[in-house]
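The same subunit A turns up in both complexes below, where it pairs with subunit B and then with subunit C.
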Partner chain A sequence: MMKSKPDEEDYWNSSKFKAFTFDDEDDEFSRLKESKQAVNSIRRLVEEDDDEDDVEKVSWSGEPVGSISWSVRETAASNQRTDREPAFPKINADTPTVSRSHSGYSLSSLFKGETALSDSSVRLYAPELRKPKSEYKDYVSDWSPEETVHRMQQGKAVSLEKFRSLQDKLLLLDFSISAHDGNVITAVTLFTITFTVLFRELESRQTALRHFIHYLTETRDQRLLLELLRALGRTEDIALLQYKEHLSIADENKRRDFLKSCLSLPFSPEDSAHVQDHYTLLERQIIIEATDRQAERGGKVEIFQKFPRRASILNMPLITTLYYCCFYHYTESEGTYSSPLNVRQTFRISEKQFFVTALAARAKLKAWVDVDALFTSRNWLGFTRKKSPLGFHRVVDILQKNSAPTQVLQEYVGLVDDAELRISLAQKHKCHDIIINTYRDLKDRQQLLGYRGKVERGSVEERKINELLDNPQIRWKN
Partner chain B sequence: MAHSARRDSPELPDFSLLKRLARDQLIYLLEQLPGKKDLFIEADLMSPLDRIANVSTLKQHEVDKLYKVEYKPVISTSDQLCFLIRPRIQTVKWICDVVNADKAAGKFRRYKLIFTPQKFYACEAVLEEQGIFGDVTTDEWAFYLLPLDDDIISLELPEFFRDNFLAGDQRWVRTAGSTLHLLHSIYGPFSKIYGIGRCSKMAYESWREQVEEGETKARQAEIGNVFLIDRDVDFVTPLCSQVVYEGLVDDIFRIKCGCVEFGPDVTSSDKSMKVMLNSQDKVFNEIRNEHFSNVFGFLSQKARNLQTAYDKRRGMDIKQMKTFVSEELKGLKQEHRLLSLHIGASESIMKKKTKQDFQELLKTEHSLLEGFEIRECISFIEEHINRQVSMIESLRLLCLLSITENGLLPKDYRSLKAQYLQSYGVDHLLTFANLRQLGLLVEQQPGETLTVMESKVGKLVNDKTAGKLTDAFSSLAKKSNFRALSKKLNLVPKSDEEYDLRVPRDMAYIFSGAYIPLSCKLIEQVLERDGWTGLEEVTRLLNGHEFAHSDRAKNDAQRIVLVMFLGGCTFSEISALRFLGRERGYKFIVVTTAITNSSRLIEALLDNHV
Partner chain C sequence: MAAHLSYGRVNLNILREAARKELREFLDKCSGSKAIVWDEYLTGPFGLIAQYSLLKEHEVEKMFTLKSGRLPSADVKNIIFFVRPRLELMDIIAENVFSEDKLHSSREFHILFVPRRSMLCEQRLKEQGVLGSFINIDEYILDLIPYDGDLLSMEYESAFRECYLENDQTSLYHTAKGLMTLQALYGTIPQIYGKGECARHVANMMLRMKREFAGSQNQILPVFDTLLLLDRNVDLLTPLATQLTYEGLIDEIYGINNGYVKLPPEKFAQKKQGEASKDLPTEPKKLQLNSAEELYAEIRDKNFNAVGAALSKKAKIISAAFEERHNAKTVGEIKQFVSQLPHMQAARSSLANHTSIAELIKDITTSEAFFDNLTVEQEFMTGVDTDKVNTYIEDCIAQKDPLIKILRLVCMQSVCNNGLKQKVFDYYKREILQTYGYEHILTLNNLEKGGLLKPQTSSRNNYPTIRKTLKLWMEDANEQNPNDISYVYSGYAPLSIRLTQVLARPGWRSIEEVLKMLPGPHFEERQQLPAGLHKKRQQGENRTTLVFFLGGVTYAEIAALRFLSQMEDSGMEYIIATTKLINGTTWIKSLMDRPECQTP
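This part shows the complex of A and B:
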């Protein structure tokens, strides 16, 4: 982000923010370094019998010995070591027969008030610690909807059997909604909405609806969920939900085919275009991947030998794919699938975006000629000059991150418009010429004098500074 | 650092009792399944469990082997299996698979499921559906609260945020109510309760009900006032980069359950090291609330003092040396180790932040908060996306842009979304749908432009738009009205004034003087006014749901204020409250469903994975 120059200066020079800079190697940082040295110098003394005093209960290995996390790891390790015996569990003679649920299917039977709910649920509170709820011995009786909800909140046994008419069910549902307890709302919704014809009842009960949707999402009941959304006419949600399924398809060809089938889903027009792009991209990636894998194995294409591919390009984002194409297929004609220009055109990539990606890829390869060519444009007189859709300080940043040599950096640092920024970048990257020239242009004798002290004695830079300072033609401002 | 607290600052209650209670309950539950048993623990319960018990506690109660729940077939040979789990359907389904596999193999075992902090009917419905209801016994372990420090208590329920605010599932409302009930019955009775937010209100009501169900015993109150706040009242604060030491450490290294793992770059050895970060660490305790720029100075000073203390031993005779070794050396060594750790951490933070243009990032955030040069902010974010800098960071900035501007212009929204999908994958369509549903990243609705203009000049926002729901499906999404709120509450100090970070004058110091966190400002205002009177305009902009209830006469613990964040709070907010406490003579206790920060918040909303 670039603020206009005076603003920027105001911003950083105002004492409000000046106190704190991450960028400069300022005094604070060097002070920190000093203190580190100081601390390190006394380390030897301390390390003699280091083990006895821990910072906390935590040991050097990370986890405290005897901690639970530590023990779990031990178990896992020992399980890998020991041979697994076929496990024939010893069955204790005194093991009681486990009671089985009579029904496994209808949700409503869950709430029939069987003792299963109350006998084992021990709810403990601070004031009444160790008082299992089973002591209450609640048995089913004729609770009103309100009381039923209330008891459910407390985890007590209830019977939902008697709520059979639609009216009763909805009454119960509404009481649960007004109690705000999501746990109970879900339970009652599951009990109430056993038939899809009741979906419409949920429309006027958004809270219960949200609980039901969340439950179906968590249990991954895709079929019922889609049915519900269809009944509610929530087409965009349906589209997204179905589209999401592609994530669980590992095989790339199947995934591509699935994405193709998604194209007809009722997305918003905007999202529809994105999904189309997704499909097209994967289709191409599959082609590129097959070709390149072969080329790499064949061992005849130099670039793959010099820079073996680290990972497959399948399922990577578009920009990563573009980067890949700029890296391995830069010079290809627009006719091929892997040509950067073709990718750019197919996916309507902006000039700036293309530029940034190509720059990073070519810089990574240290193809400085390509980098140079990216900036070159001819004006009507035929002169070439450097132009960039990206601020030159960013360009420098990208180049520097790809470890460009100083000569290359220097060229682009020199193109940074803002003098302050140019100087600070030049200092960071040790481009002496630029600093000296900038001070000369600013006619800032004092700064130049100061800078002389920072360059090496007897160096070319020092000589240059001296020449400038001795030059009678320059009208210094200070 | 050396802020002198007001003399009349009261003492904090002792929360170690909560740990003891939880431990006793767990032991009781383990005893319900006599005999040797293997224990399976949900992965994210392991650290909390480590804070209250250790292996020998479990072994004493006949736990044989410990396993982490990993959704793989079990290899245990024990004939009793105990599962210590969160009430999650995925986990219950896995247990059903385990039981059914045993059945198929003709293996007979006993199974016990212990849900914590409570069980849900939905989990039991799954047990029933899978045909194993009755084959297993279930229990609840009411382990609601884990004290992370003297003044921080966590429910360790990060899923609270997504469940409640995105899915609109109120399953944790009762949990929140029970949490309050537990605190009330041990440290209460509370004299006043304030709050804001839908969930807060429901949690409050749930707690009231539970109070009425049980009997209250008269006791000496240790907590006076309570403030409940929903995370969605203030999304701006957790989306900002943290620059206070503890927050920075969390942003960069991720503090987990009060513990951080420092890598080799920090420890200057080849080992990583886990360190507890709390008030017991004397060095940390002095810098945790400091703006990062002050930390260097402090650490340097400490290092010099330490050097001097060590140097004392030169020229000592044998006897003096003996005293030195027995009395001072251990303390010095301890301090030395802590010091070198925090110096290492600071150095590592500096390196990381310098690499990624942190300065410019902060500048963009501050501009967004101020509503200044938005175009430049947008192009900064755009470049961020174009260069494929961190996926989370880009999304965070987009959200910050959207909330502070009350939505993006349709043209910007489309273009930024398209570029985002190009850089990080079209899968994120689902993420964008989530963010829209939550109201974190939205398009400005046509016809609202005027409202934005109005709020910019600080005029009243009319009723029509203030609480308006954009459409039926995103009924949980709210308009943020940030600009208007910021004006009303003076959240952004004037930029032409000086701000000395060494001597903070208000809570804005936690964001380099650029912004007072909305959440904390609300707390300050309500405590000052003893209610919401005079803040009507503010609550309207926040979409209402505020409340204040007096329970009983003022008690001695008036100055102990418990603040409960539903949906998570950040370390920066805790630092801000500590500052407020020092200034006004309060002691704050922060109860949160989980510690959060911008990355955790955004990650909870990603949907580009199965």
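This part shows the complex of A and C:
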């Protein structure tokens, strides 16, 4: 129980929680400090007794010396000294992690005509678990399907050979399914099925089917897997599975072509649109990359000289690509592939996303005129006013992250609708004018008086405040 | 070494000892000097069972990590591979064995599969032409690993994905096997309750396995009164929420792996007096976290807002203890003081560590980002505006916050709204794909299959009813002196634990309606005990329930169960078992396709 004494409770603030804050910032800090001080003062005393043997030895990384993972490193390290290899492990590009097109894998031959496993020596259960009855007739070879499955679960020798008729095989399969042991189900499935009956019979045995699909996935037998799914009519799964393959294609042109071939796959309507976009995006990225790389090498385009590209744009997400285009290709007409407007239209990017991305890119370049233009809309009388699809406090946030100067920030802080938010932002960014004007509009004399104490003596701000306070026309509310 | 396992209500050290015994027996089977080649994934779980010293006693001289290519040289008689049954690992082993034969013909090979042998793997070895090279092929059944005095984990990371995405129930088979071993050691569990498809499967398998052992009755007096099996998909909401207990936050922020956490080293630099702070360590500081550490056991389950007070209280006690030295006048008193020093020293270093960790965590929990995120989570959990596009999520996407953070929030909104409106669903999906890359179609589809993210199919949203009936939201959660489990999430009471609580009292019959709204069947089974093994309960003696979370459990849920165990009037003690300890991030990651593509 965590009942602490009443005085402790008073001491440690008992007020109700609010979202998740320390009710009293200073108090909490002083507490951690307190225990830290205690720790430090004690340390001096204890250090002298450092050679106590009872204390468990711990390596710097904190693992007790002698733990397994520590020892793996230790013994291996001592070994390396004698058997020195080049400092960097050489990566062998040909090493297949899983051999993919293993043609020796004919399904029906897998378990045919042999005892699947040799019976390894007696199994040792730590506290001897009582052995099931069936184990006592180890030397009879005529197992029922049920017993066969049972023995397989225990890793014992079985002969699947004798299950010849389809009926027997299916019986065996059904017993394995009811045992829920994936290992056995997969093994029996591989043994039972031949192509002719495979799809029909498995369909009524969903569990075996799932294990088989899992097995094919793991062995990466893509061809058979797709065939199976197709026969089962699981079209969306096929589509996704095929699509997934693109991740292992490194060459961008091959990847693009592969994605193109995916377009005809039976995705759900929404996914289909996304895959189409994926293909279109990569296609464009390839074109943009080629052009820009050339421009950069040519050394004649100023922006690439001033801000060299840090990475290729290939395989980057759409919004990153849009940012890139806003950065390097902002002024291009809508006709080019790299024009931000074109990108926006092609991929139906929402107004907000487009706005945020363009804003960040132009702010990064300190192109304040472009930033300004993003907000400017003219009404029918020809007046300009600033409009934004996202709150001006977020605009300020983005600008500030891109280290915009105070004059620029000030302009947008002033546009924040909510007075309270406006003041707190203005305080954060030291926009005195805005604060003063806001207090004036709120007719809050007290706040204004208070603020006068915070600005510099004899500054323009102080003078302005004084003028306002002396102004007899303002009707202060306090 | 593992004394903390035996302090609880149930002595879990018995299980650990059994596992050690089996390991020793296997090692002795391969007589002579040995080297172990480790599947790296296994070293963590094995660390919970044994130390290097145990292996050394049985002539293990070298240990390596499994890598393709040639095995490092070692002058030993036996090479033993400790591996999970994975096909890709078999190929590496085959490569090792092949390149080995030419150099040393005398070394003998063995394989120990953990936790089960696999016919497919052996078949693979055979195809590669190396199966005959192995003298011993065996399995080491490491189903349930004792993690702490009241906690068992299978450390089976992919269980949720396999069960709900791939429909592969192998993990359930292992679960049932593990429970059989547990019953062999701690007696038959007379009552089994469960909720969910997987729970039903496990119970069925257990009952069948018991029938197969029929005739040989288990003569051990039952330690557990009840087993409760819970599917993770009955409560998808809880892991998505940010845990607010001390241990939960350590896990959320730094990740606890097999009982260890790695922390940024700066705060742990030891500066000796008079010594200039020379080179700061750059390697992360690794700490083991369990109840063997007294202070940690005391604070791990507290709401983080109550940790500062606990630490300062402890600091005062320790300081006072050290001050005692001034009072020690006689030789006897000084002797007494000195004899206590090692213990005090350990307490001091423990306090130092946790003060540093608390500082690290506090930097994060007091940040604006953490606060905003938590506010949105709490809005969702209380049912505020779950049917609209959330501007905070939108802003996070626009800022390109880590994808997993976005997915956690979107999934949470979906779960709290019984699916998102089609328009909202499509909008999030498009924004995510445009910002993080189209290949995440795969991940989004996985989340949909797992039920975490889905479009609304029926117009009826059950969540508010479930929330009200089970009191999932408590306005007046008390973080300092909790009186309800909701303190672990500062207001939200985990659904899974409410189900557990209601089962103990007044029983599930009182919430039939809600149980029907949650996925999967709920059921009750009884296992017959032989006459004479029926417990005669003492007046006021607590009952013991084993709660098994299929598909993972969070530290905050564990804290909530420990809280219930400690409540004076609950009359119930809980032991917790799970396939894996999870948090929202590790959980979502396990459901992603190629999560490594995504750099946070």
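Just so it is clear, the second predicted complex is superposed on the first by the 336 of 478 C-alpha atoms of A that agree within 3 Å, B and C clash if a C-alpha of one lies under 4 Å from a C-alpha of the other, contacts with A are read in each partner's own complex, and residues count from 1 in each chain.
Keep this in mind: a residue touches a chain if its C-beta (ideal position, glycine included) is under 8 Å from a C-beta of that chain, and two chains touch if they have at least 3 such contacts.
None of the values given here were measured: they were computed from a predicted structure.
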item	value
Touching partner for A:V369 - first (subunit B), second (subunit C), both, neither	neither
Touching partner for A:R234 - first (subunit B), second (subunit C), both, neither	first
Which of subunit B and subunit C A:H211 touches, first, second, both or neither	both
Which superposed partner A:D271 touches (first subunit B, second subunit C, both, neither)	both
First (subunit B), second (subunit C), both or neither touched by A:K352	both
Touching both subunit C and subunit B, counted on subunit A across the two superposed complexes	1-3, 11, 14, 16-17, 19-23, 28, 31-32, 34-36, 38-39, 42-43, 45-46, 55, 60, 62-64, 66-72, 75-76, 79, 92, 95, 98-99, 104-105, 110, 116-117, 120-121, 124-127, 129-130, 152, 155, 180-184, 186-187, 206-207, 210-211, 214-215, 218-219, 240, 243-244, 247, 270-271, 274-275, 277-278, 281, 315-319, 347, 349-350, 352-353, 356, 394
Of all residues in subunit A, those that touch subunit C in their complex	1-4, 8-9, 11-14, 16-17, 19-23, 25, 28, 31-32, 34-39, 41-47, 49, 52, 54-55, 60-64, 66-72, 75-76, 79-80, 82-83, 92, 95-99, 102, 104-105, 110-111, 116-118, 120-121, 124-127, 129-134, 150, 152, 155, 179-184, 186-187, 206-207, 210-211, 214-215, 218-219, 240, 243-244, 246-247, 270-271, 274-275, 277-278, 281, 315-319, 347, 349-350, 352-353, 356, 394
